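After this come two complexes, each holding chain A, first together with chain B and then together with chain C.
Moving on to the complex of A and B:
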């Protein structure tokens, strides 16, 4: 257990600057966009007001209060871009977390494999670290939102603003709504499926590392087979088809079983490859 | 310990941020509503579900409100619920729920609600598949399954009932039993649906042998891409598997009754349907009677036609909004022996009323209220809540 935790810390430590950079980019991008948007809207309203003061016959425009939800709607792309960047970086890192150990003259993976501990610790440490990065970034975004709301309140006078609920703020942004599902149950399904995807990618990478050129083919075939296994019940068992031989609740259970099976096979195969195929 | 501070910090952030959001952050996001009983028995309003939207600052949230509370559709966007709600149009029907409860293994692989018939002795299921579509080997194969309620024995028959050069395709509309015969009503599409027919096939229940078939009606629409939704319409019982000798057929603007026992398609000399066109009509076929209602904002009128006596009782019940204690009547549904109304009360708050179909007696009246905030005025409540549809959700008793 101790060895495993040390390996987790090592993986986190290696990625710390990238993680910090992603968080910084997210915070800077979103807070800047928020402040610029609010100040721009304020000056626009003042300009309109001063034009109307000069024209006494024109009606005074109503002062609709601004909400954080409105700001989120206006600045969709500036809030979404850093999120998409983080997703892209983590997607690449799912491969790089392994391949970086094979780069360089003193190949780091051999030092890891020679550690006096079970090799499965390496596999579990990498997946644990990766999941920490994913959930850490999601949590960071969740923590950032109330901070941004506070900044919004600091920038805007109280008579010009109205409150928004955090769920509405998340829902109005397409990237956030996808990243943070409304219900915890759906969160488990979404990120559970993501975790299964990462496990299969890890195993595909180990297949490639184990069999070299042929390993690329094995890895791709393995990814395809896992993907097909997970979607097979939904696509081919007639979920929405009248007269299907399976009831909907049975198809749901089959999907869960297939997901569990793919996870277990991926972990087992990954550890087998690490233990027996990749040699020092 | 401090060496691992970064990892511990990220782990704490990951757990606390997500945990706090789902445990606390989502609370009090959307108001909760329920249907509160104003008059009558709450049990009568148990099947009522009002659907519409809650109007927020920048977006509306679709929801359903019933006597138990409110359910927002966004809360239903869960993978498990989406899977379970697949084919909900079929599984939510009360007689299908009953069949699933009583004979789950028999129900496997059976999904066409119009193909069921059930009485105290027998359950019949029929469906048709077209094999070799648009080829020279095209044929329509009927599958007939019979389940004895007493013994639980299932008998299956399969036979080809249409083949080339007849290139029609069959869609089952209704199944009925007359003594030892199973009568299957099909809509037949010929020449890719340019010509359609209503046909009845009769089978022996004991042997599965086809005894005869007859064509009730035939019509063509060469301008196929014009809407033909009203060309032919079959109105059978609300409970799809219930025994029902007579059905109501609207064909090219004319109205007919059809009796499975006599095999006669009889035109109604005094049409019922068109009398209420444009007033928002609900209808229901229940045993020997065809009920229909005319709904206006200030009143509801119930009429019925008895197939056996041929007696038409127009406006046997007329109730005004004032008599019902509501402000505006918006729509009506007729199910079983009840009339369900969507109505706003005098303050504009949406609600529902339930009437006895036989005599129009008011059995239940309810209105939507916000849970935990009784201080809101009617104007405040109706400002944010728009309930525009009434649905009947009948659940099987345990």
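Moving on to the complex of A and C:
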């Protein structure tokens, strides 16, 4: 347990600058987009007022107060862009977290595999660290939203703004709504599926590292088989499929069982490969 | 004792190891000799459980290689085994954190002996300095056995001398040392036992002193017989 925690700490330590950079990019993009949008709207209103123009094509009438929700809608792209960038970087890191130990001048995998502890610690430390990165970024976004709301209030005079609820703010941005689901059940589905995907990628990487050239094929086949196992019940047994005799609840249970099966097989196979098949 | 019995391994349709058997005793320096591609490094990796074997068995004091044994057997590969971004001080702390057999005092002495700086980053070390640091990571453990892959290969004269000095010091005494090389010249006097590999097999294994006194041949003489035959 102690060595597992030390390995988790080491993995987090190795990724800390990338994580900090992603957080910084997110904060800079979102806050600057928020300030620019509010200031642009303010100057537009002042201009309209000075020109005494009654009607305009602006999304918010000149006299209506601005809400944080409205800013979120207008700056949708600038809010989503760093989120999508973080997702892309983490997606890539699911591979790099393993390959960085093999490739390059230093082959740290030698040391990791020679640690006087069960090799499963390496696997669990990497998946734990990865989940910490994901939830670290999500938590950062959650902390950032109230800060952004505060900045919105500081930038805009009180008579020109109206209050908005943070839940509404999240739901108006598609990327945020996906990142921070409203219900716990939805949260479990999204992040559960994400975790399963990472577990299958880890196992595919270990297949490649164990069987090298042939391992690429094994890895791809494994990823395909896992993907098929999860979507098969929905695509071929689902409601609306000709000849389907399953209720939606039954399909749901089958999908859950398949997800559990894919997770267990991925972890088990990953352990087996690390313990006896992996080669440096 | 490290017992290697009839180990086999195929790689890319070639028998890299084709029934290799030998023993390496504690308190002795055993050298695996062979041309490039003879399977020397593969044997060390197999002993350390870093590559699977297709057949045969490996025993260290009667036990199969496993996590517990990594406290008692240290491996110095021919490349760096710490992340390039790590400082040497961090690498030493890593070893101390993970190995109960780590001897911090000895590691500090070796840092001084090799003239290494704690603040240097692993990635910034020259080949010779990296070899010294790698050796330090192996010697820093209070292990019974020490495995080294080409410790003298491709390094400068002074680094080589420093490493050779370690071989004749009390740091090695009492341990079973198994190392590989393809350049035997300068280090012949250090070796107790030689295992000559050819085409994935052990072609000769002998006690160097017995060979010298009994047949009047040096290790290089036997190598000539084997590899030029």
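General remarks:
We adopt the following convention: the second predicted complex is superposed on the first by the 261 of 280 C-alpha atoms of A that agree within 3 Å, B and C clash if a C-alpha of one lies under 4 Å from a C-alpha of the other, contacts with A are read in each partner's own complex, and residues count from 1 in each chain.
Here, a contact is a pair of C-beta atoms (placed from the backbone, for glycine too) under 8 Å apart; a residue touches a chain by one contact, two chains touch by 3 or more.
Small disclaimer: the values here were computed from a predicted structure and weren't measured.
Once the two complexes are overlaid through chain A, chain B and chain C fit side by side, free of any clash as defined at the top of the document.
Across the overlaid pair of complexes, the angle with its corner at the CA centre of chain A and arms to chain B and chain C is 140°, in steps of 10.
Looking at the shared chain after the overlay, A:117 reaches chain C, while chain B stays out of its contact range. Of the two partner chains placed around the shared chain by superposition, chain B is the only one that A:135 touches, whereas chain C remains out of contact.
Of the two partners chain B and chain C, more residues of chain A are touched by B. Once chain A of one complex is fitted onto chain A of the other, the partner contacts of A:153 are absent, as it touches neither chain B nor chain C.
By the touch criterion defined above, A:277 reaches chain C but does not reach chain B.
Once the two complexes are laid over each other on the shared chain, residue contacts for A:255 go to chain B alone; chain C is not touched. Once chain A of one complex is fitted onto chain A of the other, the partner contacts of A:44 are absent, as it touches neither chain B nor chain C. Judged by the touch definition given at the top, the superposed model places A:189 against chain B, while chain C stays out of reach. Between chain B and chain C, the minimal CA-CA distance in the chain A superposition rounds to 11 Å. Shared contact residues on chain A (touching chain B in one structure, chain C in the other): none found. Residues 3-4, 6-7, 10-11, 13-18, 20-22, 25-26, 28-30, 56-59, 74-75, 77-80, 83-87, 90-91, 108-112, 127 of chain B are the ones that touch chain A when the two sit in their complex. Remark: chain C residues 45, 48-52, 67-71, 75, 77, 79-85, 94, 97-101, 122-123 touch chain A in the complex. Remark: chain A residues 3, 6, 10, 14, 104-108, 110-111, 113-119, 276-280 touch chain C in the complex. Across the complex, chain B is touched by residues 5, 8-9, 12-13, 16, 19, 67, 69-70, 73, 132-133, 135-136, 138-140, 142-143, 162, 164-168, 171-172, 180-187, 189, 239-249, 251-252, 255 of chain A.
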